[in-house]
């Protein structure tokens, strides 16, 4: 069983057609799992629905507490890409003995050209087989939490070092 | 580096708007990798473009030979779902020491509601981290080649074998 | 008010993921009208759900009878493209004083690359403003029922007949 | 022949995946006409690429001048919905003897759930058959320029004026 925690980010943004802006509604996770014909046993819980640029230490403690309380040892967290690495560090400092994979998207799932479905398939798969630790799964790759950074110019996650 | 071999299947079917039928054209793999913003180093090669119900032992030997000749030890094979298990067995009997992951789709990628992108993200991720062996990656899960069957009534891959 | 009669055709084909074939289910018309944010007052009624190559004279008489019985003078009929012209002729011979527009699609609506939504917007608009008569609306154009043919090689409807 | 002038609006917004914002790039018009398998003879020209809330009188004079100079008597203008009615009034005051249809979208075409393709099919069709005048085509309907307003709460265009 895998515990999926939703925190918002580009992944889950939708278009508000009255205001003409990007906004948050309900998570698309259940619809995406259905589309992927996923048979992975999961529980999906929305912790918050925010842009990761607005994520504070308090928000991060909510995520750490949820991952800590979760009875399963395998966890996926959906998250905005801008501060995904910071949250990964908070999780690594706060939790031991669990496989936690953070993922997100560069383009909202509700957009035709989103990488969200690809990333979700990737993150679930990594969560099923990687040993305990905190990882980021983006661009079809996985990185240990302290060996990665987001390249803000290309939008790509890349190896970064100690 | 991961070697991707394309063999056809529902995954790659397209709609022929003159004849009104499902058919094969070029593989959608490169487009799908672009959509997934994949940064996994891959080589993509189309071995055949056929419905897996039409796959013969000769076709399977072409796939085994290609996987055998491939210089990389990590391989993804896209394949029709109906006889994916048979091809997995042929690969397991013919090849040692490589991680080979077969995947496909229940709905063509070109259709709006396809599981293809999810499955591709999943298969690439399993191929990156699983130990040598032959696996099937479908429905967000992975199975050893001799521990799986396709349930023809539900379309779902499930555990089987002793 | 516009009466919409559904008869099937490529427009409404869906993918049967268990059998791997194109088939018919419920019509996509209500979903398409919602997507188009249509505020046109319509009633939608499914007369049949068939490939237009299988359409017989009896089927055509059902369509003529429905259009004749319909209390509105403006009608849209969705129809397979292969014999759309024959049904248009049957309607022209059987009905006077109503504006009837036939439309369809070259690619199923459920496919990502369908012309269905464009054609529906076009057919409804022509039905609202054209004088009584029987027309075919395809490729953004409209044709009188006796001045059109489908080019089977290109899939395009073009002027024909003097 | 129909002259299509592009001015921007929600219709043509795209998602900037580096900045995470909605923005303008190239117009999607040619791709949309291809998707609709349109065979209407058109010329497409981008006059500006702006949010209609930012449209000034000077911008409107550019549109009036382009429609006036255009050798064809049938014209479609894509436009943001917020001030579409104001631009329609400017066109009605500046031009006689041409059929001009303004249209737009509530959701960007690049989003999966856009009304753009439906609206484009509708606007082209109205432009082909309506008598000279300035019209707005939205929600599958058409309105004379001085008989319409956008309802800001529902996003719907509705009859207005005496």
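The letters A, B, C and D name the chains in turn, as written, and every chain counts its residues from 1.
The criterion applied here is as follows: a contact is a pair of C-beta atoms (placed from the backbone, for glycine too) under 8 Å apart; a residue touches a chain by one contact, two chains touch by 3 or more.
Quick caveat, the model's predicted, so the values are computed rather than measured.
A.B. asks: If you match contact pairs by residue number, which of B-C, A-B or A-D shares over half of them with C-D?
C.D. replies: Going through B-C, A-B or A-D one by one, only A-B repeats the C-D interface.
A.B. asks: Under the over-half criterion for shared residue numbers, do copies chain A and chain D use the same patch or different patches to meet?
C.D. replies: The interface of chain A with chain D is built from mostly shared positions.
A.B. asks: At what distance in angstrom does the C-alpha mean of chain D lie from that of chain A?
C.D. replies: It comes to 38 Å between the two C-alpha centres.
A.B. asks: Would you kindly tell me how far, in whole Å, the mean C-alpha position of chain C lies from that of chain A?
C.D. replies: Inter-chain centre distance comes to 44 Å.
A.B. asks: By the touch rule stated above, which residues of chain A touch at least two different other chains?
C.D. replies: Chain A, residues with two or more chain partners: 106, 112-113, 155.
A.B. asks: Which positions of chain D touch chain C when the two form their complex?
C.D. replies: 32-33, 35-40, 106, 113-115, 117-126, 128-130, 137-142, 155-158
A.B. asks: State the interface residues of chain C toward chain B in the complex, per the touch definition above.
C.D. replies: Chain C reaches chain B through residues 10, 15, 17-18, 20-22, 82, 106-108, 110-113, 152-155.
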